[in-house]
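In the two complexes that follow, chain A is the common piece, with chain B as its partner first and chain C second.
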Partner chain A sequence: MFLPEFSLPVRIPLRFFRTAPWWLALSALLLLTLDADQWQQRFAPPMLAITHLLALGFLGNIMLGALLQVSAVLTGVRAKHAPFWGMALWLVLQLGTAMLALGLWQMQPVLLQAAAAILFCGLISLALWLLHRFWRSGTRSVLSWPVIGLGLTAVSGTLLVGILSYGFPAIGLNEILRAHIVLASITWLIALIIAVAFTVVPMFLVAPAWPQALNRWLLPALLLCALAAVMDARGLTILCLPILAWLFGLLRLLQNSQRRADPARYLWGWGAVNMALVLALLPWLVDVSDTASILMAGHFVLAGVLPIITAMLAKIIPFLLWLDYRLQVPSGGKLRHMGQLFPERWLKRLAYLSIAMGITFWPLFQLTFKAIPIIILLYAGAIAYCLRRSVQTQQVAIVQAKTLSAQTSNQPK
Partner chain B sequence: MSGQRDLRGLAPPEPMEIILQWLDAASAGEQAQFHLPHTPFPLYEHLRLRRCHWECAAQSDGSAILTVFRD
Partner chain C sequence: MSITSALLQQHRHCDDYLAQAEATARAGQWSDCQKLTSIFCQTTLAHFALEEDSLFPVFEQASGMIGGPTQVMRNEHAQARDLMQGLQEAAAQQDSDDFIGCAETLLLLLQQHNMKEENILYPMCDRTIPHLAEEFA
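Then we have the complex of A and B:
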């Protein structure tokens, strides 16, 4: 019997992926409005608002879409009423992001509290539900670790809002701030990137499997190092160790990939090197000045995370669309490979753009900072265009196949 | 039995296309075994649309051996 709830309907993760570039474009437009002073102050309200638009609106949408999709592919997680819950989660994220950014921009406690409540309820519910499903599926999924990280990030963010609004609980602001940044960037974002890499790199780049030891121990080690950094700032010095172990494992896999000319191979390598570089330099530079922190954070996102996200999207989205196409056109049809949905030349251009963003970020920041949001806008437009064209190509192919099938069955025998 | 095919070195969606093409061409009673890089959860939805049943054995290295029976 066919069970429609068996796997995730394609429109659920796609909705998250297609929303992300709009938040990125909004962040870039708001960055354009900042003056030179505001660019240098990481705790200025507009800078905090834009940081959260990027972290929750852009990265959050992509990472949640990827988490839902990879959970369905790897562990067969299924949800009753998936379209309803998928839409509810999407709304929670968009509403929470908008309210948090507005609250930070205007420093409005009421908006901050409402945003924290919405995001906390939505993200904690998702994390608990996924952990329960992983546990019930009986598979020891590597995805459990980033999901724990997501929960911890939501808790630390809510505590941060509580401290800012009521001075409760009585934890030092610097400590909870460091905890929130470490938990969000390491235990959630990087942990999810690593968990996705465990599957996506061997699968799409036709590379050998990851070493068993890395697969088993890397993410718990990353969580422990991150918790050490949360408890004590000196722990920041060991954060780069698990990332370096992952980087060496990744570079070895990429070296043995059978898809040598695939731009995704270079994007994974470039992004991972930059993420490791930032984490290695972080303990020595983060307290030097606000400018150093902004440079580090910008380099982490633009040169580290963005290339990897580009590589991930260019593989996950056409695969999702192909799976959906095959459900609607069970055999034959014009779509025979993913390259028809997301051509390699698109990925090549996105790769040039994202690598250029990473390379030029530091000099542009010093010389002509307004150029940075313009390049970000260009990237947001390019990725939104690619996503839209991929979906259109799939829909046209489905209509053509169904029309052809109807014509064939109507022909007199 | 058509023997075991190792599909671990192929990029998606090729392994799924190969399995579905085999199934569409197979006669009732035929069966085939495929070695895949991991448990193919997304494939199950496609198999459910066809006249078949299957068994999947997860391996210790994370790969999976899928046996498909054409009904």
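Then we have the complex of A and C:
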């Protein structure tokens, strides 16, 4: 079910989307300051801080913006005072991200505890509210699974800060660390990408519907596999199975898409293959060395997640802006279609950049690691520019249409 | 055949024509593109007319739901008509950027519109006015 009349005011998800590139740019600038030794240590304080800037600041803003929008459109879930609560959640995320990154960089327990408290309260409240609304709406929404994942990620992150600060609860640090990484990357990030793909791939790429069995069982299976990996590291070996099932389903849909020349089609395929590749290699490489882990994580984000995010943003944002324009200017006006807000050539350039980032990551890491943040910075600048221009174009078109309409109505008859 | 399955087939035909028209525009085959655009517009407008002139009034009368889902559908038809006009103009002027922009917006608009009709409105029609199914088959 798809109910665009339940769209949130477009500024709510846009605020999250437009903030994300700034955190990505900050992460890249901080990466530039690291020396060769720090690049090789995944648990060095600066590396932990940058990881969280990327995960919460960049990916977190995009995923939460998408979750709010998709929840409203697919299941009609909306807060009573959506602008207020949207702003409150945005502030919680930015403040929590900044404090957590600073706390990790300086290893300041007070900052870490404050960040954990802020993020835990904000994210758990959001997860519980969304689950309650899904349950009340009576729809069996696939979005429930990533929302459960978001809650579990917030809980495991808070426990991790508790162990680091007070040694409480009495769980091994390695176990809770593995739990946090698996829950954040699998049950939250990948689960949300899969849930969004169930709707947007058939719709945006004019592809057949997903098989009912995948729609119904894939996300619970993914959660079960992730929980098995949380309980026991050997469970990591089965994590790739649901992802591979999704990958084959996705590739089949892309094969049968009627929009074969759309750049988004290649980005979805490329990103999904890389995500599945990392998860398939994970159990064999993760304990080998810090360098292997950093390479895997970098490949997962740059070659796996980033192309899919690029494809999603380049479709969702201009369509939302165009719908919002049509709401304010029901007919006529200069803005005829979404291509005037976000031309396809922008998506093509972003696609080249994101695919280049994925392909060059490993060789650059070995040969000239300082080039990696420079490419990331380029991508962050490009996506921030595209978003800003889209919004500006829409705003100017609305003002022009309203001015013209006022002038026409004031003319003597 | 139910109303849902009959009209769902019409949606798929329209999607096919639009996707083919877009592919020919991307390939710069403007003569084919203009023909396919014309077929797509005629087919889609005929489908809209069938709904607006036959299905919606009968459903509104039988269910008493006037100004509800059928009004939302009519508004979206109006938006789609605007975009179809843009699509035909872009095809006539052989402007590929404009054509792809109109086609993509129209595709997304129609896809979400079709989802609502196929999942909500048509099943309601099947329950309320099943006798119309034979006319649409």
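Note that the second predicted complex is superposed on the first by the 406 of 413 C-alpha atoms of A that agree within 3 Å, B and C clash if a C-alpha of one lies under 4 Å from a C-alpha of the other, contacts with A are read in each partner's own complex, and residues count from 1 in each chain.
Criterion: a residue touches a chain if its C-beta (ideal position, glycine included) is under 8 Å from a C-beta of that chain, and two chains touch if they have at least 3 such contacts.
Just so you know, these numbers come straight off a predicted model, no measurement behind them.
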- Clash or fit (per the criteria above) of chain B with chain C on chain A: clash
- Task: Identify the partner contact of A:A36: answer first if only chain B is touched, second if only chain C is, both if each is, neither if none is.
- Result: neither
- Check the residue A:L367 against both partner chains and state whether it touches chain B (first), chain C (second), both, or neither. neither
- Once the structures are superposed on A, label A:L74 by its partner contacts, choosing first (chain B), second (chain C), both or neither. first
- Task: Would you check which partner chain A:A170 touches, where first means chain B only, second means chain C only, and both and neither mean what they say?
- Result: neither
- Task: Applying the touch criterion given at the start, work out whether A:R260 contacts chain B, chain C, both or neither, answering first, second, both or neither.
- Result: second
- Query: Which of the two partners, first being chain B and second being chain C, lies in contact with A:S331: first, second, both, or neither?
  - Reply: both
- Message: Once chain A of both complexes is superposed, is A:A406 in touch with chain B (first), chain C (second), both, or neither?
- Response: neither
- Query: Where does A:W322 make contact in the superposed view: on chain B (first), on chain C (second), on both, or on neither?
  - Reply: both
- Which superposed partner A:F204 touches (first chain B, second chain C, both, neither): both
- Task: Give the one stretch of chain C, out of 21-29, 93-101, 111-119 or 129-137, that collides with chain B after superposing.
- Result: 111-119
- Query: Can you list the residues of chain A that meet both chain B and chain C?
  - Reply: 1-3, 202-204, 206, 258-259, 319, 322, 326, 331, 336-338
- Item | Complex contact set, residues of chain A against chain C | 1-5, 202-204, 206, 258-261, 315, 319, 322, 326, 331, 336-340, 343-345
- chain A-facing residues of chain C, complex: 15-16, 19-20, 22-23, 26, 72, 78-79, 82-83, 86, 97-98, 100-102, 104-108, 111-112, 115-116, 119-120
- In their complex, what parts of chain A are in touch with chain B? 1-3, 6-7, 72-76, 139, 199, 202-206, 209, 212, 215, 258-259, 319, 322-323, 326-327, 330-331, 336-338
- Please give the residue numbers of chain B that touch chain A in the complex, ascending. 9-14, 16-17, 20-21, 24, 37-39, 41-42, 44-46, 48-50, 61-63
